[in-house]
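Chains: A, B, C and D, in written order; residue numbering restarts at 1 for each.
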């Protein structure tokens, strides 16, 4: 399969269509867009059969991307508005899989000590939890309050334990009806960094986007439906370089400087060779806006509020 | 039972002996002190039978307190030295309960977002983990490397799940032979804040010191030996006030101003009434040094290094 | 002068009136209250002459306190509403001292690395600055934009330089018409911690509340009007203990246990003696809610938005 | 002049020599290397005349680079050793410019809220300051203690004030004999990120490496000698992409795929065009290792200790 180097179904659809010079989606993939206002765009990709699955390497299911422009300079009002769009989309997904008051476990993947990877744990700190109150102080809550619990399991490099092993134990004890997982994703497009949320009802494979495959977190492995909320926070350095090269060659070709070598080069995947050129063994280099710390704070507000209003 | 308002066995022993005007320990309690240098003091309290248990409200077992003076101005060398003392004491405790290469799970209790409660999660971030390497890259490790994993389960108020429920699931999957738990404690003595480590092979009840009892984390509940490393990071405001009042009255009595009311008052426990006076419903007030942020950083180095050299 | 152990004019007025059994304010002090809603209360204390100055140890001028109840559980909407109240009061004070578009320098006192002292620097990070844009990119701004600059000078213990020395040099170069200073205050009342803002047009003496006097920051020393926005973030531990003792004795007296010693004691200031009992030399102990980290974040939003809407 | 896109004199020398196919340094540039151990390398570049200045675009003076390999996995001992190398080099530079007990002002440039830019302020928090003690408590210090003060002036985007304007005011009041400035640099080489320190006695132009020129901070503008300690913490994304492209073409040429277009392309500077392809208007994209947060912590220890032992 083509190496998309993005976790976003929307970007994969675009890359697939471009690579095959398609104007319309193939059978098995359905897309639609909804422009909320000048800054907010909702795109929905639905994969309906195995042909669609194979084409873009994503499981059958619903993938909704909420893009927000200019989050860097967004004010409180725009953050609130975006969170309301997330609430609406999340609510619609939840309704497809569980009943109104079914219990939910929210999982924040990532490492609180690594800024671009800290979104999951930060959201967990802000979501409204009810499970302990229902158990110890039910009198303070409305009687049909939904049971909500949450966990930040940490990352394999810090715990030595697969996320899946940790979650399985917790799900066995807590017995939720559905899991919502928040995770940092890799994207192809630097403009999407911490400016998009992808909601998917197909679960996720943690770390898939940056090359460190882990056991998948899906209904298959966890036994209950899994909604993934993924936020692109990095682009791999080699991706940027390879994409730059492609654009560079295209520009040269447009200027009439086409030649056999360039034409051949243009069709190849430059990613792997650039990865070898770039990568010192020790580090995992990423491209990130200098303002990532404050972008993460804003995105945390959008996701946490989006969840709180959808589930309570 | 007397309300000691401290999690430290050493302070409880002192309070007990003082309250009963004892010069020597009662049967069932054995203590010894070892002065390492001008700044570091090791105190060992051993509770050997039920009489000892009842007297100070702590389970049979070993309680070692490492006190370090002037941590606020301690330099790198002193931090290193203290961590070596912790290593030695921890190693001795481990040898009493498991074999040299038996697997260990390290648990950092507490809330990373609340400074005086953040020590556990911060230590977890620094301990040397091997379990994932043993599974995926055994070739990079010495062949008789001990299996070490770690987890920061979060706090009930953030997760809605009892720590015990989380740990049980993990222990079932990871199957360690022993658990080391790091936790922030309450102390009676403000000079001990973030300047002492208590090692105990009896496990702990999280949050016991500040009034919010949780299910205990002991060999009883977890099925394997539990070593607790507790670091005092707070004194309750009402404790400070009650202790001040006691000292105040004592001073008045010494100055010949004794009278029936004062004498009676001196024998009573002023804590509960002061707690009522002090406590607005919403908050949990604590006394902490202004420098708590930097003290926690230093204590984190002492505990993390102390563990790393003891287990590897 | 009486040791009020609070920086809030409102608390000093209350303590003064209580100590002198006054029902009404003395000449030289005028007060009024405005209840905005169930959670927000505005109190205005105006000191009009030297008699008022002497009584409560605060300079002639206006002191406005905005109290917000239950900030711990306040949602986004309540934070916004409180910030609007701060905006209104700040705007009124500004109009008393400068013209609509006169330039302003905003100063955030405190130490970013010490949680209860970090509010000033955190607010500076959020205020909208225009001075550099007016100089380098005037085309992006409205032509009658006010010139706003900002600085976090750090604290004497970290810089070795008096705040006054730093600000003087900057004011000489930047030449603002007014300074707004944000500072953490000490309060008498633990319920006020990070739940009140005092606005005063009299400037401040940094650190006055917790015993470490510094050179004053006022129109006298800086040459331009100084508006101080002070937020109580700590109560001294000795204050809590002394106040507890006072309440304790009062309760005893009410129960008919009055006697000469108690009566005498009740009239004395217990603060100094308790301070000696409590204070180990090395540390500055404070009382703070366990939730201080998140309270500071919320208060930062209130103050930063309050300023941004008042000055732009 | 050639756009080196690096602040390191050492990298510029290498790029210059390579571009001109030089084996030896030109007249006006002298270099030497000293291997301290397997992990630490010291390189000294001395620019002795205007020819050297012009060649690599750096002022006459001394540029010492301390490179440390594998800082990511460095332990306490290696950090200490590196800091000792920094101490030795800094001491040698200081002796060239001031007498043993002359007063020093330490300046930490950068933004504490932007991880890769936070090194300067973090170092300031750890350096040993004496100026306030010499003034208020001289009895606690040795009588020939050097006067040391420090400041983190913030960044133009947060303060609206040029760093130079802030420092001038402070230097006028504090009157130090020399300034040491700590700053984050841009490098060409991703392996150098937070793994090198450049010491230079020529001062610096803040932000030069990432395209946002500011007024220079040199003896010219500040009136006293300026030692700059620069630590590479970022590589610009466009730099990575352009360098990848150069390497890519070189590889193609080596494989006999040379052709006129490629040959011509190889000689051009691809940076500017790639910058246009890459850069969305809003953001400043940087390449950084995922582990930048912990690398910054380690580098902070190296620099702060390096300074503390050199100046006291």
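Here is the rule we go by: a contact is a pair of C-beta atoms (placed from the backbone, for glycine too) under 8 Å apart; a residue touches a chain by one contact, two chains touch by 3 or more.
Computed from a prediction, not measured in an experiment: that's the story for all the values here.
The chain pair from B-C, C-D or A-D that repeats the A-B interface, sharing more than half of its contact pairs by residue number, is C-D. Rotation angle, chain C onto chain D, C-alpha superposition: 180 degrees, expressed as a multiple of 5. In this assembly, the C-alpha centroid of chain C lies 40 Å from the C-alpha centroid of chain D. Averaged Cα coordinates give chain B a centre that lies 36 Å from the centre of chain C. Per-chain Cα centroids separate chain B from chain D by 43 Å.
Residue positions of chain A touching 2 or more other chains, listed in rising order: 113. If you check the complex, the residues on chain D that touch chain C are 112-113, 121, 124-125, 129-133, 147-154, 156-162, 165-166, 168-170, 172-174. Chain contact summary for the complex, chain B toward chain C: residues 70, 72-73, 113-117, 190-191, 193, 234, 237-238, 240-242, 244-245, 247-248, 251-252, 257, 259, 261-262, 265, 270, 273-274, 277-278, 280, 282-294.
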